Amino acid sequence: MNEIDRLTEYFREFPGIGPRQAKRFVYFLLRKDSGYIKGMTDSISNLKKYIKNCPSCFRFFLEKNFTDPNHSLCSICSDKNRDAELLMVTAKDSDMDVIEKSHSYNGLYFILGANIQILEKNPEHKVRLSELVNKIENSKLKEVIISMSANTEGEHTIDIIRGKIAPISLKNGFKITVLGRGLSTGAELEYSDSETIKEALKHRG
Amino acid sequence: MNEIDRLTEYFREFPGIGPRQAKRFVYFLLRKDSGYIKGMTDSISNLKKYIKNCPSCFRFFLEKNFTDPNHSLCSICSDKNRDAELLMVTAKDSDMDVIEKSHSYNGLYFILGANIQILEKNPEHKVRLSELVNKIENSKLKEVIISMSANTEGEHTIDIIRGKIAPISLKNGFKITVLGRGLSTGAELEYSDSETIKEALKHRG
Amino acid sequence: MNEIDRLTEYFREFPGIGPRQAKRFVYFLLRKDSGYIKGMTDSISNLKKYIKNCPSCFRFFLEKNFTDPNHSLCSICSDKNRDAELLMVTAKDSDMDVIEKSHSYNGLYFILGANIQILEKNPEHKVRLSELVNKIENSKLKEVIISMSANTEGEHTIDIIRGKIAPISLKNGFKITVLGRGLSTGAELEYSDSETIKEALKHRG
Amino acid sequence: MNEIDRLTEYFREFPGIGPRQAKRFVYFLLRKDSGYIKGMTDSISNLKKYIKNCPSCFRFFLEKNFTDPNHSLCSICSDKNRDAELLMVTAKDSDMDVIEKSHSYNGLYFILGANIQILEKNPEHKVRLSELVNKIENSKLKEVIISMSANTEGEHTIDIIRGKIAPISLKNGFKITVLGRGLSTGAELEYSDSETIKEALKHRG
């Protein structure tokens, strides 16, 4: 396998990229000057060096203080103004990003790592279910918000998480909630399904 | 203009139909036998004869009793089991259809006729705003639900209706509500806008 | 079944129309005034009255002379300036329309009626194969151009027609041709298939 | 700007990649292990080291023999079985790739580097026009095939190249040809434009 094919294979693993676009990426890089190539490869290598997983919420963040890397928390987990009794579980960093951008939540987060696939036998091996249980057992919480997409995978992930943390909720007395359903921005009534309409009516106000 | 072009023009007025598809409809009809043609044109002519606008909610319905056509109400308006103190305003018949199909509403309806366009100077001439005001003034209501799509036109229509009926609401003491916003079925968190997320969080449960 | 459902069924047979759009057509008609309804149903009924199938090429055309309807030909078949030794076979009227619009053909036409489906056992019952054979046997031709789409159905239709008319071609000495293949307007080289490129290279000039 | 944003900017320059997908690429890399990261960045760096521009046709190729890098030709240019009197000009490497995959051409190539934009004042600064003229002047050719996409940019590029090489063609006596036009695989007759139909008719056979 030559270098063009090898790099094409790397790009094919990128999310949403097929063989043709992967190859176009390679040809694109072939035409860029060495400044761009050096800058980009340095940036990729730096990612692993400067970006850490927060040991508390597991989101990726830029490590600023390298004196004690193992114990430093991300900017959200170390923010004293946030409500530490509120924990939101999201599947991915990008889900957490949109919640932050909405400026409508002031609690802490926990990043599961991915949605749980329907047929997954051992979700603990794929996502941070045991880390979540561990964190919830050792926190003083009044509510855990399971924030997942309103699709089959999201519903399944909610079910699995709820099953895991419901016993702790009973013992420790926090609420378990999920995001409200209704009309998303842009949704046309005529094309909305019955479930969405039922929720939109229930939450009318 | 020959007959093919003339009928093409009629079909071009159909919702969502461009010139090419309009012409394909004509060629389609040219290939159908006279039984289909006669059946279809009869059906179109019958629409106006047997289908009436309900004088109370203004939805289209099949007139069954022709002895006293002017006073008969549609099956929903004449249904004694429905809660007559609850009135839902929708823009179109098809919006009302999806609400009915969701089996989550048991009050009465009022069909405005269309959404109100942003730049419309005289909405009263285009939609049934005065009929709505008249109906609300003469009903004993505990709530009016303005059920519109979650887009710019829908929001504008809500604003106009609210402006018209707010004074009556104050006087007669009924609530004015709108459909709840949140995640529609299928919505992915990552691609949801801040407004949707804010509402989904507000209505979590 | 009420009149709304009945008409919806008629519209569902229209090419490319699903149940939801069929219903929107009915609601659209319910809102139109009786002038539009009368004009449209008259136009549909007139289609069958004034539009005839040309007895020679089988295309639909507007009958102008009603004194002898059975023997009148369409404007193309009766045009003495067209080359009667050239016959083009197309699947549908709309295919013939685009050929005419290109102003690049001056022979006569024959409308087969439809493409021949791959698994069709008796194509003679669905399209005008016997009429085509009959016409070709009774014409003095130098070329028959089989003009079909460049897809599986089109190729299959070409194969069937060729099988039927090849013996007559041998006997009467006319050529059988098909449309040239190559880059369609707008085609990008990078996304073209090998067959298209091979033909484009063969026909370079 | 932190490392995530910096790398996002690099990915945004990739062909067809918007801000959201660029960010997803970064998060994707954050989740990969260091083996993948090292392999990929090495592969990107190697691209520039092992992949050369062929000094004759300018396509990218894997340099196998490093003893005399300046004079080595790519596998196509050094293949004695290919017809050196036939030269095909393509805009990009990927265009040349699809021609090779069609197994319908056995001459040599020249990669221009890109299409020439309509408003480009100095195409010589953007693409290899002078290199092309130079190569053609110093070759013994019987035909130059200008292989461009069948769109506005492609047509413009053909016009510019033709203008540059027509005088040499007159002097040296080679033909200048372009790819044939007609129905691309999959093209439906009904939706084909007049230019495509005209060419398809001209090249019927």
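The chains carry the letters A, B, C and D, assigned in the order they are written, with residues numbered from 1 in each.
The working rule: a residue touches a chain if its C-beta (ideal position, glycine included) is under 8 Å from a C-beta of that chain, and two chains touch if they have at least 3 such contacts.
If you're wondering where the values come from, they're calculated on a predicted model, not measured in any experiment.
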**Message:** From the centre of chain D, which other chain's Cα mean sits the farthest off?
**Reply:** B
**Item:** Residue-number overlap at the chain A/chain D interface, same or different (half cut)
**Value:** same
**Request:** Could you put a whole-Å number on the gap between the CA centroids of chain B and chain D?
**Result:** 55
**Prompt:** When the centre of a chain is set as the mean of its C-alpha atoms, what distance in Å lies between chain B and chain C?
**Reply:** 40
**Asked** What are the residues of chain C that contact at least two other chains?
**Response** 92, 94
**Complete:** In the complex, chain A touches chain B at residues 90-92, 94-95, 98-99, 101-105, 145, 147-151, 154, 177-205
**Message:** Give the list of chain C residues in touch with chain B in this complex.
**Reply:** 2-4, 6-7, 10, 13-16, 21, 23-30, 34, 36-37, 39-41, 43-48, 50-51, 60, 62, 92-94
